[in-house]
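By letter and in written order, the chains are A, B, C and D; residue numbering begins at 1 in each of them.
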Amino acid sequence: MSFPLLTATAAIPAVGAVATAAMPAARRSAAKWLALAFALATLGLAAAQLVRFDPGSGRAFQLTESHAWIADFGVRYQLGVDGIAVALIGLTAVLVPFVILAGWHDADVLEGAEPNRRWRPTQGFFALILLVEAMVVMAFEATDVFLFYLFFEAMLVPMYFLIGGFGDRAGQRPEQEAADRRSHAAVKFLLYNLAGGLIMLAAVIGLYAVTAGQLGHGTFSLTEIVQARAAGRLQLATTTERALFLGFFFAFAVKAPLWPLHTWLPGAMGESTAPVAVLITAVVDKVGTFAMLRFCLQLFPAASKWATPVIVVLALVSILYGALLAVAQRDIKRLIAYASISHFGFIILGVFAMTTQGQSGATLYMVNHGISTAALMLIAGFLISRRGSRLIADYGGVQKVAPVLAGTFLVAGLATLSLPGLAPFVSEFLVLVGTFSRYPVAGGIATLGIVLAALYVLVLYQRTMTGPLKEPVRAMPDLRVRELAVVAPLIALLLFLGVYPKPLTRIVNPAVEHTMSQVSRTDPRPDVPLTDAEVAK
Amino acid sequence: MNPVNYLYLSALLFTIGGVGVLIRRNAIVVFMCVELMLNACNLAFVTFSRMHGNLDGQIFAFFTMMVAAAEVVIGLAIIVSVFRARRSASVDDASLLKL
Amino acid sequence: MENLIGLLVLVPLLGAAVLLCGGRRLDRIGPWLGTLLAAASFVIGVVLFAGLLGRSADDRTLRVTVFQWVPVGGFRADIGFQLDQLSMTFVLLITGVGSLIHLYSIGYMAHDARPRRFFGYLNLFLAAMLLLVTANNYLLLYAGWEGVGLASYLLIGFWQHKPSAATAAKKAFLVNRVGDMGLSIAIMLLFTTFGTFAFQPVLAGADRTGEGRLTAIALLLLLAACGKSAQVPLQSWLGDAMEGPTPVSALIHAATMVTAGVYLITRSGPLFEGAPDAQLAVVTVGAVTLLFGAIVGCAKDDIKKALAGSTMSQIGYMVLAAGLGPIGYVFGIMHLVTHGFFKAGLFLGAGSVMHGMNDEVDMRRYGGLRKYMPVTFITFGLGYLAIIGFPGLSGFFSKDKIIEAAFAKGGTEGWILGGAALLGAAITAYYMTRVMLLTFFGEERWRKPPSPQEPSAEPAAHTGELPHPHESPKVMTIPMVVLALGSVLAGGLFSVNDAFVKWLEPVTGHSEGHSPVSAAAVTGATLAVLVLGVALAWAQYGRAPVPVVPPRGSVLTRLARRDLGQDDFNHVVLVRGGGQLTRGLVEIDHKLVDGLVHGTAVSVGGLSGLLRRLQNGYARSYAVSMFGGAAVLIAATLLMRAV
Amino acid sequence: MSSAATVHSLWMTAADAPKRIPAPHIEYGQLSPVLIVLGAAVLGILVDAFLPRRLRHPAQLMVALVGLAAAFAAVVALAAGGYATDKAHPAAMGAVAVDGPALFLQGTVLLVALVAAFTFGERRLDPAAHGRPVDSFAAQPAAVPGGEAERAAVKAGWTTTEVFPLMLFAVAGMLVFPAANDLLTLFVALEVFSLPLYVLCALARRQRLLSQEAAVKYFLLGAFASAILLFGIALLYGYAGTVTYSGIADVVNGTVRTVDPVLAQTMGNDALLLIGGAMVLMGLLFKVGAVPFHMWTPDVYQGAPTPVTGFMAAATKVAAFGALLRLLYVVLPGMRWDWRPVMWGVAIVTMLFGAVVAVTQTDVKRLLAYSSVAHAGFILTGVVATRPEGISSVMFYLAAYSFVTLGAFAVVTLVRDAGGEATQLSKWAGLGRRSPLVAAVFAVFLLAFAGIPLTSGFAGKFAVFKAAAQGGAVPLVIVGVVSSAIAAFFYIRVIVLMFFNAPEEGGPSVAVPSLLTSTAIGVGVVVTVVLGVAPQYFLNLAGQAGVFVR
């Protein structure tokens, strides 16, 4: 038996979480370094996955591990990664160290707080982040529906504590009011996602009942179900398949989030600290869109096709609605949250366009959106931590005193509006092309999103960074070394993947083609294909 | 006499007991109504025993009596202690626990 | 040789990277470094040009694919370059004029706090623009297209502390984005049509494609061109873009970037040729804009805005020419190049004037400056003569040909287009003469103290002191001189032996139109309207004194001052309407979408509160519930059996 | 006259009987768990009678723990001896079944009781006595609350050590209840475990009025319910002429060997069967706390001493559901089509009602009570599955649920202010800051209640829902999921309160428990996590044990 790389990738951050949580109250800074070390170790393992993953092998899932687990439920501990999963695990592993670094002081014990030997918020904060990472990685790796579901749901808990327990420092509002809003947002986050998850639970159980009824033994193994369906041993009645699909999709649509299930996101991102907001939108939410690609499409191809028109419309609504609402926001973080809703619309659109461009684009989009939003949000967080306010109106002329902060913020913003040369452009364009080639009208409407994206990003930049210098901003320091260490690599990554996305497309393409073949769809042919002579040229 | 009539009587007693539980306030009386219900059951057991021609029902009746006796011990103890604390045996007075 | 193309883009890009990330250390040498790199890319351009000239006319296309950019399924976008005569022309224009303007900026921006960053942006612009014109596929072109948009955004808003600059920058980017949307949809449509969007196969396959499809693609490309080239209806940003430093206006908003639309249309020629309806749309846009810009140019008192209107109008000519198909492409491009010289020259002249006038831009506060700034006066004057089409100067050659080609379109269309072009020429003569007279002739109005009630666009400019007009330093005047020379000579050189036509013909194709009017007649008419326009302006501004405070003016004047109502329309429909839409959506999001969920929670809570009352604390009522429950249980069981 | 003759002959037959009745055959070994517990209970009474006061507490605790542990060992031995599977049979002349479900549930009850005994024995939490350690039980239950006698008793540091024997008697009843193989045993067992519980409820040290009120309510309603149950039994007896499960089942199925005329007459009378069956069901549903027979739960849970509440909530549910399962799967499978729809209705109403009403609760114990109502509904979905998976999933759920409940109530005992346990939810605000560990542990229990994955609550919920879905009860699963979502809301609310709200001034503090309560809570957490992460072994156990003997 070879080294269980996938298990290790998930286990290391989990171990890190325990170790960090176990640090004594006084050893705060050691706890931080420990957490960072574990996050980096995870990054190393994720890199090892990337190296050992062979996109050309033709096997859908690689580095697989499979052990018996809960036989009564037909559950196996079954892991495996395809290119999409590897990419997203990579994203997670890359982002978490930056999240930790960015949140270095977010959970420090406040000055003058009464010393309490038991209360260890700092340790808790970093332990929870690592725990989330472990669970997310596990969700990406699981090829057993039940196993996936387990972590899909379980990650809500640490996320919930991260949102509700840790807010922006030095807020101007009364502490208690801020805490109330925060806990409200956290509860909303949890209830939305839990409701989605429970509906999915019903579908998961339904899936078991179906497999148990037809195969003789209940199973949740993605590969086994897919094979059985291909071989005709497992046949889902149309209504059953649709009902199960809807159950799964609902949960993922809440998580993603898709209009009109999105209203938890602005609150959750707005009230939590910037690193946590990044964790929500760049990492945790990706599980939703990832699962659409992996589970909705592969388990229920026919139902997916059936539901596509509606989902495409919802995705379009998300794109435009999120962008329009972003324009109207007065709070920096909520603005970014609504922008994310718009972007998730693109991702879902790409997934359900059912073209290789759309799905590859959606996958790249997940990665790129993760990086770009992380950059934007973290810089916004640095900004907010300096001024103690999230309101756009409280800023103005920052670029004069903090040019590096403003400059990096602009680059991240430009990435968010998908400027060519930066990574998100590639993915957004692929999604649009992929959608357009199947649904021209939808593709056309979605393109409106790029205008609106420019609007909200530039309005944000203009109002905060340009114009006359506002008095409270006057003494604002520029990015510190630690902060620059967070921002610079992310921006470098955005540039690199914008110019040379091939390392990603190389691993993602085979997985997407596999998915496409599962759904038995092929790309539309060009209307005026090139003649051989032209091809030869 | 047709033993079925005893069954009707038993049902009647049982209902009287049940309604008594519902409408009486004094805990002791309520409790007596419960006892009445138990005795209605006994009557039914005995009647059925007679009809089926086996002893199970009668034996059951003995057990019921014994259980009822035990219940009285426990019940009266509780009711009395409540009475001593509140100077009232009304079940309606004991309504602190609610909602 | 092919590899040089990549270097062409890379050199200024490197400059941008170094300058923008280099930090304060580079503050001193930054401007020179930027200029040097621009010049280096010009040298590379010249080397490439020489290389192309060394080849036969049919074999002047260089192609190179550097790497696969985005390969997904049938979708393949390459980082690949294609250098042919058309691109080469642009490369030389961009790097040439670009280098001159870099040089000029050294002087112009000498007193700015952050010239390093300015040069970084300029280099970024050069890189993006070069990418735009050398890309071998539409997607990469799109990358350059957005890149120049970014550079334009950064440079318009370079003085970010001014809210007006920041707003103008944002507006420029947004309006451009609308056009970009057209371009991106066009690319998608190309992909679904041809399965590729590289120039070569697409253009080769155009004649096998249905007209409807081509029309759609072409119209989308036109939308893109309208955005980038400030054509009606997406022209509104250009006037505001004058908030940027004047060299920027000269390079980006006059000579190069704004002509990218013309490049796009010309490059996509075969697509347009297969779609006559789209071509009609192109010429209509061109004709309308050339008049629109000219009219706006007549009314503006801000020298840069007047020139911006002129730019719009001149690009209208180019678009008109490009819409005419093979009979116009060459002349459109030729006008583009000559315009690049004289308009850049004019802007630099304007910049020089402003430089000497405390950054005053109101022409009504100029007057009689020819004595104080002789070099500026002469170079500006030459540019002026060139643009109005003074015989022998470059504008004369290029514009004349376009008017001719417009008539050659034939039929009613030809007459209308030709007439519009002629009318435009007359107005051009009028407003340029107005600019000339207001600035360099007449009484020295700048000696009058500024009146307080005057609505000033730029409060910062008024320091209270009267300006002391002076000539600009050498580093600024030299580029002006060079450009003036270009303005004078380029047209003539290009026309010698039809050199320019022959140079471009292999790429764009060329056909002689059969004009219903003879060439001589057109030339005669052009000259006549030219004289008319100049005379009119002289009558209005040369003879009579010019009031410092602008008179109310006619309805048309007032309308023209407000950009013919375009901004009002934008404000009402887009800004206010959009604001209401987004606010409405916020309400909906809060009350309806969120409210629905919240309502569910509240109603569960309410239900809970109601049901909770059942637990009233009375043991007897509990017993009732049990008794009732038992009854229901029994009844239900019996009922089940009965059913 | 003929009937008189029959009566006569009946008497004659009866009179002759002694000669022919063989001595009953009792398998003492197989009944040893019950016997051990009963023995320990009697020993406990002796201890109380003869030992000096200061020795009573440790001695009682020891007797209880040893007795329970020994009984558990006996259960394990029996299971290992194959009595759960191939050797399963009705013992004691068919009165008590020794089979898988019985042993599994007995084991669960015993473990629950063992852990509960730890919380019963806790003497470190309440600081009220004058230098003497006291537990949660009244100094002198007979004394008038607030009266002179009570004050004297408190001052003397008396405690009610009788709680241990009482608990052991209750446990004995609970051991028999799910194993009862005839209605008589069922009834007696019901009373045996109910009566001590009534008394236990009245024994709280603090807030004795509430405690007594709870006892009165529980007692009156319980007696009322058992009366109805008893009448149901009478009717069933009338229908089948026998009270043994297998006998009734035969009659219901029509597979009875000899049908005498009377039997033929009553057999035709389905009303007897249906009404009787419904009334028996009602009696059991009362014990599990299903709507609309649940109304005692919140009041009793709140009023009873918290260790008792924990014990009662966990063990009663196990025993009652065991009896319910046996009744439905052994006695009434033949009338599945009658009771299934009814049980569907009960399950749906129970889940929704429990979840909805819990939303607005303001007292921790009442909250947990309503939560137990909702959980009863979840378990009922497994009960109505009418498949082998139904049995095993319900048993697994019971095991999982009971330890979570025990643990949760044990945590409740720790949070105290001057008036004893601070069960007002508002007082729990900011607990997470004062004692993160306790709050975290309670959060784990709450998450398990809410059915969050990786906790036992999830595994259990999944198991019952799965069984229900396989049994075709998809609507039930959907309702279950919806009420889980509602239920999640109030569990989360408590977590919010503990972690995200600022602590109030003068709020409750967390008492540091002795090893006893710590162990109880620790066991709760461990079981919660183990059953959540690696439930397979226990699922296997429940699966193997999931066959009733007839």
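Here is the rule we go by: a contact is a pair of C-beta atoms (placed from the backbone, for glycine too) under 8 Å apart; a residue touches a chain by one contact, two chains touch by 3 or more.
Chain-to-protein mapping (UniProt): A = NADH-quinone oxidoreductase subunit M; B = NADH-quinone oxidoreductase subunit K; C = NADH-quinone oxidoreductase subunit L.
Computed from a predicted model, the values in this text were never measured in an experiment.
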{"item": "Chain nearest the overall Cα centroid", "value": "A"}
{"item": "Between subunit A and subunit B, centroid-to-centroid distance (C-alpha), Å", "value": "65"}
{"item": "Gap in Å, rounded to a whole number, between the CA centres of subunit D and subunit A", "value": "45"}
{"item": "Distance between the centres, which are taken as Cα means, of subunit C and subunit B, whole angstrom", "value": "96"}
{"item": "Geometric centre distance via CA averages, subunit C-subunit A, whole Å", "value": "37"}
{"item": "Residues of subunit B touching at least two other chains", "value": "18, 21, 30, 91, 94-99"}
{"item": "Contacts with two or more other chains, residues of subunit C listed in rising order", "value": "601, 612, 615, 617, 619, 623"}
{"item": "Residues of subunit D touching at least two other chains", "value": "216-217, 220, 224, 228, 298-299, 489"}
{"item": "Pairwise chain contacts, counting only pairs that touch as defined", "value": "A-C, A-D, B-C, B-D, C-D"}
{"item": "Contact set on subunit D toward subunit C in their complex", "value": "216-217, 220-221, 224-225, 228, 270-271, 274-275, 277-279, 281-282, 286, 291-293, 295-296, 298-299, 337-339, 341-342, 345-346, 353, 356-361, 486, 489"}
{"item": "Interface residues, subunit C side, partner subunit B - complex", "value": "612-613, 615-620, 623-624, 627"}
{"item": "List of subunit D residues in touch with subunit A within their complex", "value": "392, 433-437, 447, 450-454, 458-459, 461-463, 465-466, 469-470, 474, 477-478, 480-482, 484-485, 488-489, 492-493, 495-496, 499-502, 534-536, 539-540, 543"}
{"item": "Residues of subunit A that touch subunit C when the two form their complex", "value": "191-192, 259-260, 262-263, 321, 324-325, 327-328, 355-357, 360-361, 397, 399-400, 407, 414, 419-421, 425-426, 429-430, 432-433, 436-437, 440, 443-444, 447-448, 450-451, 454-455, 458-459, 462, 465-469, 499-502, 505, 509, 512-513, 523-531, 534-535, 537"}
{"item": "Of subunit A, residues touching subunit D in the complex", "value": "68-73, 116, 118-120, 124, 149-154, 156-157, 160-161, 164-165, 175-176, 179-180, 182-183, 186-187, 190-191, 194-195, 198-199, 201-202, 205-206, 208-209, 212-213, 218"}
